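Look for chain A in each of the two complexes below; its partner is chain B in the first and chain C in the second.
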Partner chain A sequence: MIKLLQVLIDGTLVGLVYGLVAISFVVIYRASKIVNLSQGEVLVFGALFLWTFTFGVKALGYDMPLWLGLLVTMVACVGFGLLLERFVFRPLIGQPAFAIFMASIALLVMLRGTAQLVWTAETRPFPAFLPGGALQLGPFMVSTKLLIGALFTIALTAGLHLFFTRSRRGLRLAAVAEDHNTALSLGVSVRGAIAVAWILGTVVATFGAIVFLSGRIVSLEVASIGFKALPVALLGGLESIRGAPLAGILIGVGEAVAMAYLDPVTNGVASNVLPFAVMIGVLLLRPQGLFGWKKIERL
Partner chain B sequence: MLPTGIQFSTYTGEAGILKTNRARIGVLLIVILLLVAPLMSGPYLLGIGTQMFITLIAVYGLHVTVGMAGQINIAQSAFVGVGAFAAAKLSSYGLPFWVVLPLAAVITGLVSVLFALPAARVKGFYLALTTLAAQVLFPIVILGLPQDWLGGLVGLPVEPLKIAGYSMGSPKHFYYFTLALVLLATYAAYNLHRSRLGRALKAVRDNDVAAEVMGVPVLRYKITAFFTGSLFAGVAGACTAWFLQFVTIESFTLFASVWYLGMLIVGGLHSPVGAILGVLFITFLQEGLHEVATLVMRSQSHAVGGAVFATTNIVLGACILLALIFEPRGLAHRWSVLRTAYQLWPFPRQ
Partner chain C sequence: MTFKTVFAAAAMLAAVSAPAWSAEYTMSASADFSGPFADVMPNAMSGIETITAWWNKDVGAKLGVKVNIKIYDMRYDAAVIARTWPSILSRDQPIMHLGFGSPDLTTLMTRLPNDKVPMLIGTAMVSMVWKPEGWHFSIRPTYSHEFAGLLDELQKKQGRKLRIGAVSTQTAAGFVDQVKGVEKLAATYADRFEVVDTQWVATSPVSMTSNIRAMLEKKPDVILVGGTTAQVTATAAALEELNVKLPIINSTHNGLTEVAKGFDLKKMNGSYSAFSFAPDNQAKLPLRDIYEANKTGNGQWGIITTQSAAQALLALRVLEKAVAKVGKDKVNGQAMYDALLANKFTEQELLGVLPDLDFDASAPFPVGAIKTKAQVVVDGKIQPLGDTWLPVPAFDKW
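Then we have the complex of A and B:
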C-alpha cells in the first residue's frame, strides 16, 4: 500500500513536469495554430542557453550570478522566438496547415543540427536552480525539486489561463488559433500572435528545462521529452492550458504505475509504450482531448 | 504540356505514360545509361547508386501517402525498418527472395494500417501524430522483444541475396537487382496516377468532405493510401536489409523519416518526377557535404565527425523551409516550366 502511494506521488510530480512541457506546446498552438513538433529541441535550446550564460560564461573566466544568467537566458529566448517568427512562420501565414506542420518538422532537424554544431554532442552539468534532496512526509519521500516544480506549474497554469481567457490580448490570440485568415480579416495581427506564441513557448519550455534538468545533466537526448509531452498535450486538449497539467498527472501516474508493476514482466516496454497508446486511444475516442475545442466542419 | 502538332484519336493514346516517341527514346536512353553505368564506375559510386535507388522506392511510397492522398506520414523510415526486419527474419528461414520480398511488403503494409486506423476519427496533423507514435514506438518495441526474435540492441545479420541459386551479393549484381525494382516502382508510381485508386486518392487530398459527398469512401482510401505507401517502404526495407547485410534500429530513425519527407517536399509532392528530382538533389547535396567535410577534416587535424551529420541536418532543414516558403510545388514545377518553354520554343511560354 505504501509502495503504491509512493508510486502515485512520484507519478504525479513527474507528470506535472510533463504537464509543464505540454503547456509550452499548448501556448504555441493556442496563440498561433502551429503544432510544433520541434518543442523538444526548443527545450534543449533553452537549456543550452542557460548553460552558456551560467557555466559556459564561468568557464571563460567571468562570474555571473545565477539570477543574471537566468535573466539573460530569458532575453535570449525572446530573441530566439522573434527570429523564428520573422524567418520561418511569417512567410507561411495563410499557407495550408500542411506547410506549417512541415515547417515545424524541418525546424526539428535544423535546431538539432544547430545545437550539435554550436554546443557539440557532449553532455554537460546543468546548474542546480532548485534544491536537491527529498522531503520526508510520514512514510513517503517527496523530491523537493519536483515539488517546487509542481507548485510552479500550477501557478503558471493559473496565470496563463487568466491571460488567455480574461485579457484583451489573450482573447485576440484565440481568434488566431481559430483561423489565420479570419483573424486577419478581423484586424487581429497574426504576426504579433505568432511572435507572442513563440516567445511564450520558448520561455515556458526553458522553465520546463529548469525543473526537469536542475542539478542533472543536459545533452541533446533530452529533446525526447518533447515527444513524451505531446501525448499529454493531446490528452488535455491542444487548446486548453488547464488541461495540460491534469493530463500530465494522468499520464505521469499511469507511467509510474506501469513502471513499477508492468515493466518487470514486459522487459521495460510498458511504461514507454503507455503515453503513445494513450495518444492513439485519445485520437480514436475523443480527438479533441479532455478540454479541447470540438471542431465542426462544413463543405 | 505536349509539343505542338501532337494529337490523339483514342483515349488509350491520351492516357499513355509516354506519349511521344521523343519521350520513349529519352526514357530508353536513361535506362541504357543506368545499365552501362556500373561498367564505368567504382564501388563507391555503385554504392551511392544502389542507395539512391532504395531511397527512391521509399520516397515513391511517401509520394503516394503524402503527395497523392495528402496524409502526412512521418514514420516512413520506421516502415522501411519493419520491411527490413521482416525480410531479415524471413530470409533467415531460408525462404527464396520472391517469397520474402512480397511478404515483407505486405507485412509492412499491415503494420501501417494499424497506425492509419485513427483516420476513422481524425485527420490532418492529428493523423500525422499517430505516425509519429509509430516512429517513436518502433525502436522501443524492437528493443523490448526477446533478443532471439529480432536481435534487440545487437541487430540481425542477413544472408546475401540469392536468386535461383546465384548469389547477388556483389555490389554490381545488387545494383542491377535494385535497378530492376526501381524501374518497376517507377512504372507503378506513374501508373497509379491514371488509375481509379489514384483519382480517388487525389479527391481525398483536395477536399475529403467533398470527396465523401461525391461517393468516394474516404476512410477506406485513407487506409489504402497508407497501405500502398508502405508496400513501397517494405520493398525498400527488404533491399536495405540485403544491401547492408545487417539490420539494426540505428538505421531507421526519425531523422531518416524527415529526410525522406524533405526529399519529397524539395522535389515536389504531386508527381513522381518530384520524388526522382528530390532524391537526386538531396543525395548530391549530402555527398557534396561529405566531400567538403573530408577536405576540412584533412586540413584541420582534429576530427569533426558529428559536425557532418549536424551540417547535413541544418542544410536539409533549410532546404525544406526554403522549398515551403518559396516554391511549395518543388523542383518538379521548375522542371515542367523548363520543359514547356523548350517544347513551345520559339513561341513565348504560357
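Then we have the complex of A and C:
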C-alpha cells in the first residue's frame, strides 16, 4: 500500500510538471485558436535565455545575481513571444487551420535550427533555482524540487484562472477566445489579446523549464517535453487553464502506475505509450477534452 | 642578376623544399554539425584533421603520400548518408571512409563490399552490425564489451557476484543492444554477474526517482546508464533524493565529461565512464602531445577528440601498411581492406591511444584479447582508472 501511495505521489508531482508546460499551450490556444506544436522549442529558448543571463554573462566576466538574470530572461521572453506573434502567426489570422498547423511545424524546425545557430548544440548547465534532495514525510519521500514546482503550478493555475475570469484584460482574452469577429465588434483588440497570449505562453513555458531543469543540463533534446505536455493539454481541454494541471496529474499518475506495474512485463513500453493512448481515447470520446468548451453551432 | 634568374632560382628552391608528393589519396569522413552530436563535432573533426596534417608532414612526406580529408555533414541521418555517398564515391574515390555511428553503419555496411571502400568508425559497435565478411570496422568493440571490461574489474575488486541495475531507453535499438549484451555477459558468467533490474525511461525524463527506487529494491551494486546524458543526470539526481550512493557507469557519448558540463561531479564520486581507448587525461599519452603541437582551428583536446584522433591514426597506419605492400601509387580501397586484416597494430604504433589491435573478417571490431579503459570521479574530478588496460572477458554474440 505504501508503495502504491508513493507511486501516486511521484506521478502527481511529475504530472504537474507536464501540466505546467500544458498551461503554456492552453493560454496561447485560448486567444489565438492555435495549437503551437513548437511549444517544446519555446521552452528550450526560455531555458537558453536563462542560461545566457546567468552562466553566459558570468563567462564574459559579469556576475549577474540570479534574480536579475531571471528578470532579464522574462523580459527576453516577452520580446520573443511578441516576435513569434507578430512575424509568424499574426499574418495567418483568418487563414485555414491547416496553414496554421503547418506554420507551427515550420516554426518548430526553424526554432530548433536557430537555437543551434545562436547557442550551438552544446549541452549547458541550468541554474539550480530549486533545492535538490527530498523531504521525508512519514514513510514517504517527496522530491523537494518537484514539490515546490507543484505548489508553483497550482498557484499559477489559480492566478491565471482569476486573471481570465475576473480581470478586464483577461475577460477580453476570453471574448477573443470565444469568437474573433464578436470580440472585434465589441471593440476588443484581437491583435492585442493574441499578443498577450503569446507573451503568457512564452513566460509560462520558461517557468516550466525552471521546474523541469533546475540544477540539470539544457540540451536541444529537452524540447521533447512539449510532446509529453500536448496530450495533457488535449485531455484537460485546450481552453481550460484548470484542466491542464488536473489532466497532468491523471497522465502523470497513469504513467507512474504503468511504470511500476506494467513496464517490468512490457520492457518499458506501457508508460511510454499510455499518454498518447489516453490522448487518442479522449479525442475519440470527447473531442473538446475533459474540461474544454463544447461548442454548439446552430445552422 | 636579372629578374628571370632570380625567379628561376626561387622556383627551383621551392621545388626542392616542398615535399615530393607523388600520390594523393582521399579519406572521406562523416560529421554531424547539425544533428544530435553537433555539440561535440568541432572537437571530433579537429582530432581527425590535426592528426592527418601531422601525418602528412612527418610520415607521408617520407613515403611520398599525401592524404586529403573530406568532411561531409551527414547530420547523423541515414537518408542524408544514402543520398550523399554515391557522389562521394564518384567525386572523391576515397580509399577509406571515416564513419560516425549507427546511421553510417546501417546505410553503408551492405554496399561497402561492392563499392570496395572500407569504413572505420570511432564509436563503439552494436551487435546488429556484428556480421562476418563486412567492410565496416570500428576501433572499438561493442558498448557491452567496454562495459564488461570495467564490470570485470569491479567484480574482482568486490570479490562477490556483481549486481547490475541498468537504465536505458526503447527509442534507440543501439541502447537496447547495450543492455542485451550485458545480459549476455551475466548469462555467460552467472557466478560473477547478475542484471537484477532494467528500467526503461524516456531520453529526457522529468524525474527518475520512481524508477531508481524500484531498482534499489533489487539491491544493485552499480547502475549502468548507456543512453543519454539527461538520463545520467536524472539517475544521479534520483540517487541524491533517495540519499543513496551508488556508482553510475556510462560511456563516452553520455560520459562524465558531458555530465560535468551541467552537474556537480562531487555528487557522482565513484562513478565511471568506460571506453576502449586511452583516457584524454592519461598521464602519458604521446598522441595528445602530437595533437597539441599541431592543432589548428577551434578544437580542444578531450574525450571525443581522443576518439577521433585514434580513429584517424589507425586509418593512417593502415595506409602505411598498404603502401608497404602495394607501393605508394597503387593504394585503393581493396589494398586498405587487405592491409587492415593482414596486419597487427601495436600500442606503440598507435601512440598509446589504442591497445594492440588485430582485425579479421569474423567481426567488425578488434578480435582476440579485447581491452578497455575507464575514467572515475574522485573528489569531483575525472581521473583515469589506473594506467593499464582492463581485459574484457570473452562472451558470444547475443
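One rule holds for everything that comes next: the second predicted complex is superposed on the first by the 292 of 299 C-alpha atoms of A that agree within 3 Å, B and C clash if a C-alpha of one lies under 4 Å from a C-alpha of the other, contacts with A are read in each partner's own complex, and residues count from 1 in each chain.
The criterion applied here is as follows: a residue touches a chain if its C-beta (ideal position, glycine included) is under 8 Å from a C-beta of that chain, and two chains touch if they have at least 3 such contacts.
None of the values given here were measured: they were computed from a predicted structure.
Shared-chain residue A:Thr120: touches chain B and chain C both.
Contact with chain B, but none with chain C, is seen for A:Leu37 once the two complexes are overlaid on the shared chain. In the superposition on chain A, contact is made by A:Leu92 with chain B only, not with chain C.
In the superposition on chain A, A:Gly268 makes contact with both chain B and chain C.
Of the two partner chains placed by the overlay, neither chain B nor chain C lies in contact with A:Ser185.
In the superposition on chain A, chain A positions 113, 116, 120-121, 267-269, 272 are in contact with chain B in one complex as well as with chain C in the other. On the chain C side of its complex with chain A, the touching residues are 34, 36-39, 169-170, 198-204, 206-207, 209-211, 213-214, 228-230, 233-234, 237, 240-243, 258-259, 261-263. Contacts from chain A toward chain B in the complex involve residues 35, 37, 88, 91-92, 95, 97-99, 101-103, 105-114, 116-117, 120-121, 227, 230-231, 234, 266-269, 272-273, 276, 279-280, 283-285, 287, 297-299.
Every residue of chain A that touches chain C in the complex is listed here, in rising order: 6-7, 10-11, 13-14, 17-18, 113, 116, 120-126, 132-134, 141, 143-144, 146, 212, 215-219, 221-222, 224-225, 228, 256, 259-260, 263, 267-269, 271-272. On the chain B side of its complex with chain A, the touching residues are 70, 72, 74, 115, 117-118, 120-122, 124-130, 132-133, 136-137, 140-141, 143-146, 209-210, 213, 255, 258-259, 261-262, 265, 306-307, 309-318, 320-321, 324-325, 328.
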